[in-house]
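Chain nomenclature is as follows: A, B, C and D, assigned in order of appearance, with residue numbering initiated at 1 for each chain independently.
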Amino acid sequence: MAFIRVGPEDFDLGTEMAALRAAAGDIGAVASFIGIVRGGAAAPMTAMTLEHYPGMTERAIASMAAEAETRFALSACRVIHRTGRIPLGGQIVLVMTACGHRQAALDATAYLIDWLKVAAPFWKKEHLADGTDIWVEARNADDSAAARWQTP
Amino acid sequence: MAFIRVGPEDFDLGTEMAALRAAAGDIGAVASFIGIVRGGAAAPMTAMTLEHYPGMTERAIASMAAEAETRFALSACRVIHRTGRIPLGGQIVLVMTACGHRQAALDATAYLIDWLKVAAPFWKKEHLADGTDIWVEARNADDSAAARWQTP
Amino acid sequence: MMVVRLLYFAWLRERLGCAEEEVALPPGIGTVGDLLGWLRGRGGAYAAVLTETARIRSAVNQDFASDATPIRAGDEIALFPPITGG
Amino acid sequence: MMVVRLLYFAWLRERLGCAEEEVALPPGIGTVGDLLGWLRGRGGAYAAVLTETARIRSAVNQDFASDATPIRAGDEIALFPPITGG
């Protein structure tokens, strides 16, 4: 069973690695991905606020994690997604997977972050340096990234 | 410039993340891979010994890391590969990459671990539970994994 | 009369000035699409915001839905922009 | 006479009982392939181990090499099995 947490608390990669290892048993590979609030080039940003749909978000992530665990034969899996206001440089999301072989761990991590982008109900608002706030628009590229995991 | 370390010391993922962040500046994505000594199914193993070619190993890794930094526009990159005897469950290798976007970070991590398997001079010896020692045979699958990154 | 619970997120929530409401629907409102039409009929911000149908997604009882998805008494129906998490 | 430094790794090192040696090569040894033939001519473990050419890789001055790679006085030439790191 994947570990899933949605909420404002930050996370430490080393601590999460230890927790993953404790749950995983005999594994050969751990892959992880962390998303970070980036300053951006066009309109400098000072912070971001993540809104979510309590209940549905956790269910959606649990469902995609269960799918990944089966598809990639994972021994353990952790997904943490933060909510609320996160300053520039702050951590937004962690995906961490453990299994026997490297390709499955890397693929499962890519799979989960691609699906999180399009199928977990989160919305990002950017707080710009000039004082304005902008809701981030969804990118078609994210739909394409997730679509590559669809089996015909 | 990538950070590269080859030697017997273990590493902590959280500490490496902090060092990567300190070197990286404004980034949106960090991906990482850790390889671990796995018990295996056919012949139970108690430990592994990693031999390397001092000098050439560091040069080979520096060369593939420089290639990855250019190809995937990385902001920072860390590769740690341990040598000597490592017990079951011990960490063998870390690849960690930082850049603007998730796909490049994930691809760069896969690229580096694929190339490490075939182009950095390391040799693994397995210490089996029955007391015998076996040099691991190279796998053709590793050559194929690295070959997919060759541009025509 | 059929009572349902409506949730709004992100810029829909901000522009409607409402995060959550219970509404009693008249007969004939059987789908998410019907509900959107009925809400637009309220006028004001509802008419202005809910016409941007290409930018509005929905969920019924926490499963993604479409305009054709049926709705029933007691349902939790959420309206929101395309997702931008991860 | 051309002096080169030879390094052996993994099971080549173990089966030859040697990690490193300096050898003086006779005239006519111009490539890695020539060197392998000359080493096999020493007999004993060298003859036995170095015939497994499909399982032997080489590097000259820390760059991967092939049997056709030229060698020169002072070179560091390494012989080893296919790599199994990562």
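Basically, contacts are C-beta pairs under 8 Å (C-beta built on N, C-alpha and C of every residue); 3 or more make two chains touch, one makes a residue touch a chain.
Just so it is clear, the model here is predicted, and its values are computed rather than measured.
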- prompt: Which neighbours does chain B have in common with chain C?
  reply: A
- prompt: Where the CA atoms of chain B average out and where those of chain D average out, how many Å apart are those spots?
  reply: 27
Query: In angstrom, rounded to a whole number, how far apart do the mean CA points of chain A and chain B lie?
result: 23
Statement: Between the Cα centroids of chain A and chain D the separation in whole angstrom comes to 49
- prompt: If you look at chain D, which of its residues touch at least two other chains?
  reply: 86
Task: Two or more other chains in contact with one residue: find those residues in chain B.
output: 35, 102, 113
- prompt: Every touching chain pair, please?
  reply: A-B, A-C, B-D
Chain B-touching residues of chain A, taken from the complex the two chains share: 12-15, 17, 21, 26-39, 89, 100, 102-103, 105-106, 109-110, 113, 145
Message: So in the complex, the part of chain A that touches chain C is made up of which residues?
response: 35, 50-53, 55-56, 59, 81, 92-93, 113, 116-125, 135-138, 142
- prompt: Which residues of chain C touch chain A in their complex?
  reply: 7, 9-11, 13, 59, 62, 64, 78, 80-86
